[in-house]
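These are the structures in question, set out in turn.
Both complexes below contain chain A, partnered by chain B and then by chain C.
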Partner chain A sequence: MPRKEVLRIEKLKTHYYTLGGIVKAVDGVDLRVYKGELVALVGESGCGKSTLAFSIMGMVPPPGRIVSGKIYLSDINLVELSDEELRKIRWSKVSMVFQGAMNSLNPVMKVGDQIIEAMLYHDVISRPEEGRSTVKHLFELVGLDPNRIDSYPHELSGGMKQRVVIAMAMALNPDLIIADEPTTALDVTTQAKIMEVLKDVQKKTGVSILLITHDLPLVAEVSDRVYIMYAGKIVETGDVFTIFKSPRHPYTQGLIGAVPSIRGPKKKLVALPGEPPDLRFPPPGCRFHPRCSKAMDICGKKEPPRIEFGPDDFVSCWLFAKEGERK
Partner chain B sequence: MFLFITIMFFIFRLMPGNPIGLILEQYNLTPEAAQRLIHLWGLDKPVWQQYLIYIKNLLKGDMGISYVYNAPVSSVIFSRKLLNTLALLISAHGMALLIGMILGVWAAWRRGTPIDIGTLVTALVLYTIPVFWLGLMLLMMFAVHVHWFPLSGTITPARSYKDILQYIGDYLWHLTLPMISITLIRLGGDFLIMRNTMINVVREDYITTAIAKGLPEKIVVWKHAARNALLPIVTMAGLDMAFVVSGAVLTETVFGWDGIGKLTYEAAINRDYPVLQGLFFILVVVVLLANFLTDLMYAYLDPRVRY
Partner chain C sequence: MSGNILVKAVHLKKYYPVRTSFLESILRGERIFVKAVDDVSFEIKRKEIFVIAGETGSGKTTTGKLLVGLEEPTSGEIYYNGEKISGIPIKKWKKHGLRKKIQMIFQDPYESLNPRQYVFDILAEPLIVNKVVSSREELYDRIMRKLEEVKLIPPEEFAFRYPHELSGGQRQRVVVARGMILEPEFVVADEPVSMLDASIRANVLDLLEEFRSKYGVTFLYITHDLATARYVGDRIAIMYLGKFVETGPVDEVIQNPQHPYTKALVSAIPVPDPEYARKKKRFELYGEIPTPINPPKGCRLHPRCPLAMDICSREEPPMVKVGPDHYASCWLLAKR
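This part shows the complex of A and B:
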């Protein structure tokens, strides 16, 4: 049975035109999210994950802009929309949970009002009072006391604030929530609880989630499929088992090798050598080749082809190309 | 407060010249009359005795008698002059705050555009211009070259009015130039503070969230960003009270605006100690009051400082 696509990104390029050069933060990305799925987008800091998220929201900060490509959100190409059309799509079709749980709530507004406000300006309700019962339901959904509706953000703990943010993300029943490192600012036990809340919300509502993170153990635990991003490109994708049991791309292998395992045999942690490249001047050929232990001659000369193993299952690496193509 | 009163008392007495000398020149008093005045005002007593008398009287609410006006200081200060000054300062500062804040918010939101940079440069220029110079320039342009506005005063002398409206009109007509000069001078500072705070607020995560929520731009700017950027400018407005008064002294002197500022200037020239002391006493009270009001405003604006 073909699954329903919620998000389809095709050959997206988002570049920043800075004085020091063009920063190719997102450079030809393809990505898909199906209904009810939790897809993880993994990569190091500065690889373009957040820019990708902002591209979907149509909020790439200047001097950045989407250069080419398409972003389909249930058959609407967001790239072609006007500002006003985009504004209406935001939050009603796709909402976002931001990194800073502490800071994504306005300190001088009651948390309930901040959720009601989203409904108000998307014409879901016409008067603020009408939104209160919805907010209370949302609070119950994320495990918050509904009486907290009139609290100010500073009266809540970090975990509670993040629950409010998740409740807010669900306010308009979107098809997709982009969660950009939703747990980084929280302590470990709260992190686990917040992820449970997210999964729980997903189970109850069937919303799709695009989880942006560099926390691999978390990815292994919660996600259905994984995209590995490196220097503005997707280097590998597959379901979570393929990625963790038999990673193909040397970068994925390196990432997984750098995470300690509790149950598995004791092994030496191998850190990836080198640093991610400057995205203004990415290395020629495969962008990972200067740090790759298996690099061949061709890797520094030509961009690697995409080797498909199945739908939504590919790797971009010369190692998997046929012998004859490696010229 | 007490310390301040004490310091003021002695500083004024350290100023060169003495009140009697100046009055002698003006009115050609006989030496006997001068002696009587000196005795009446207690200026023949040692300074420390004068000081004790002053403090004793002040505690009773008596600020002394003006040497120049020959009337109680309180009646000299709490008079039409105070109303005139209040009319000038409140209108000018209200205007400056309002325009400065709106422009600041607007420029910060469009940071880096030519409009923003143009406004910024203008604001910096205004911020650095001395108020008396601007006042003189305005007078020269609008009162001397083209007679749009009067040269000085609060109303046209010896004019009879048909009704109260005509009076108010004449008053406002006189008010325009001094008000504009204070507004322009203050505008620069208010704009700069507002723009700076806004630029920081705009970078906050909750603003990104507000945009992501698909709120209209106006709501994001005014309800979310500007509301949070209000706090520093409120603080500044409160702390700036002392400068407000010094601005008033210069402006009122330039425009011959019969208010507290002009009174301060004249009292200083004539060594009218009691009036000076009274004025500064009131200034201190006003500054303290302003700080208190600022704190109250804070509690209203920011739920985090509610007690």
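This part shows the complex of A and C:
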């Protein structure tokens, strides 16, 4: 049986039109999420992960905008919707845990009321009283004491606040949650618990999760499939086992080689040379070629083709192109 | 002489008073303190990279600041090269020749570099203030050499840039260069790579190793990341709420943790191996790390520890030897 597609992104470009030049933050991205999956989008700081998320939410901040491409959320192309239509879909079909969200909870409002307010706004409930029992259920779902709905943010620990934020994202029972670095500011023991909460919520509700992170070991632990993003482009995708056991793209290989592990023999860490490019002036050809130890002549001249190995399984790299195509 | 030991801390404590209302302090009948560092003793050997690891608020940075004289201990002593240095006010450090020998590298390259200074001036300042150069040429040479050593090459190109004209990784190299410019003997490196992406972290960590092997620098490496600790460190101390709960050779502590807190910490760390990750059993604690204001009595971990016994809530556990050079403080390990 074919899996049900929850999100399909095609050739998406989102650029920021700054005075200093056009930042090509998302530059031709294809990505898919199926029902009940946890898909990870991984890449280094500034490669365009949050911009991609904002694009899906229809919330790209100026001077940025979606330049071209399609974003299908169960057959509806979000790029063509009006603001009003988007508003209805946002949070009820797709919601987001924003990077650093737990620190932007309203400090003078009880956390339960903040969720109730969102539900009122989206006509999920008509009176605040109706919301209380729903919010209590949501709190239980994320492992919070339901009595905490009357707490203020400062009365909660970092981990508890992050649970509130996840509860909020689940409030309208969306098909997809985008979680942008949901554990970055948290300690490892708390991080492990929050990831368990997300997995648990997923098991109970069947929600799909797009996890955005730069933390590769975390990705190995929790995700089903992985997209590797570099300088605005997806350079490789595959299931989590393939990505970690037999990465194809030199960038993916480099990332994995640079990550220390607490397990197994202590291998020598090999850092990638150089640093990611300025997205206003990305290098020609393959954007990774200046840092790539396997770069060939063509890599600096022409953008690499996408080599498909199966559905949702591809690499964009000249090394995998047929001999005759490399010119 | 102190032989092989460069730095020694004995029963080190740092308590910060908590500001409370007059009424509250009367009600409580006592002043309240954050016990940031609460009776910590350790020795750092020459040319060693000693690691202090722990979660937020455990007291790592405070310990580092005590060693470099940025904070004065509430009680306890610090010895450097056999000489007692706790009690010497920071103003007199220069006179005692300590200023040049002991340096600290801070965690946040965005905050710790003056945005209006050229890289050159950032590096020149400590050299001039400490009067270690006698001519412009010498100043210039030393700065260029240091930039080269931290792999900002060619150095002339980086010397006359502002911090915002550098990438995150380059900025962190400048921070390292500044920490090293006086050619110190002992350096406290507080989370030097936690703001950096994984792909460039290894490069900066390699710098520490290079300074150690080239100049024999001794390091205290502070981190919350056991995985990087394993790559740079020789010995490690695991800190929880102001106390060391376990110390030993880095690999031994990580592969064979004895204290329940260390076990929980190690088992929470994601491993970049999807197959292993799906099989691994996690050892979990209850709740989250509390604040070090009024920490729990007895063993500080006991309210969170699934293995806690009666005694744990009453009496503080002793540090016991659990292997060669490996110690942990837990009642489960102590002979009673």
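Observations
To be clear about the criterion, the second predicted complex is superposed on the first by the 325 of 327 C-alpha atoms of A that agree within 3 Å, B and C clash if a C-alpha of one lies under 4 Å from a C-alpha of the other, contacts with A are read in each partner's own complex, and residues count from 1 in each chain.
The working rule: a residue touches a chain if its C-beta (ideal position, glycine included) is under 8 Å from a C-beta of that chain, and two chains touch if they have at least 3 such contacts.
None of these values were measured; they are calculated from a predicted model.
With chain A as the common reference for superposition, the partners chain B and chain C occupy compatible, non-clashing space. By the touch criterion defined above, A:His154 lies against chain B but remains apart from chain C after alignment on the C-alpha atoms of chain A.
Touch criterion not met for A:Ser316: it reaches neither chain B nor chain C. By the touch criterion defined above, A:Val259 reaches chain C but does not reach chain B. Ranking chain B and chain C by residues of chain A touched puts C first.
When the shared chain is aligned, chain C comes close enough to touch A:Asp215, but chain B does not.
Applying the stated contact rule after C-alpha superposition, one finds that A:Val240 touches chain C and leaves chain B untouched.
Once the two complexes are overlaid on the shared chain, A:Leu105 sits against chain B while remaining clear of chain C.
Look at A:Met57: by the touch rule set out above, it reaches chain B but stays clear of chain C.
With chain A fitted onto itself, chain B and chain C come no nearer than 10 Å, counting C-alpha atoms only. Those residues of chain A whose C-beta lies close enough to touch chain C in the complex are 44-45, 157-160, 187-193, 214-218, 220-221, 240-241, 244-245, 254-256, 258-264, 266, 269-272, 275. Interface residues of chain B, counted against chain A in their complex, comprise 204-206, 208-216, 219, 224, 227-228, 301-304. Of all residues in chain A, only 57, 59, 87-92, 95-96, 98-100, 103-109, 117-118, 121-122, 152, 154, 165, 168 touch chain B in the complex they form.
On the side of chain C, the complex with chain A involves touching residues 55-56, 167-170, 197-203, 205-206, 224, 226-228, 230-231, 251, 254, 264-266, 268-278, 282, 284-285, 288-289.
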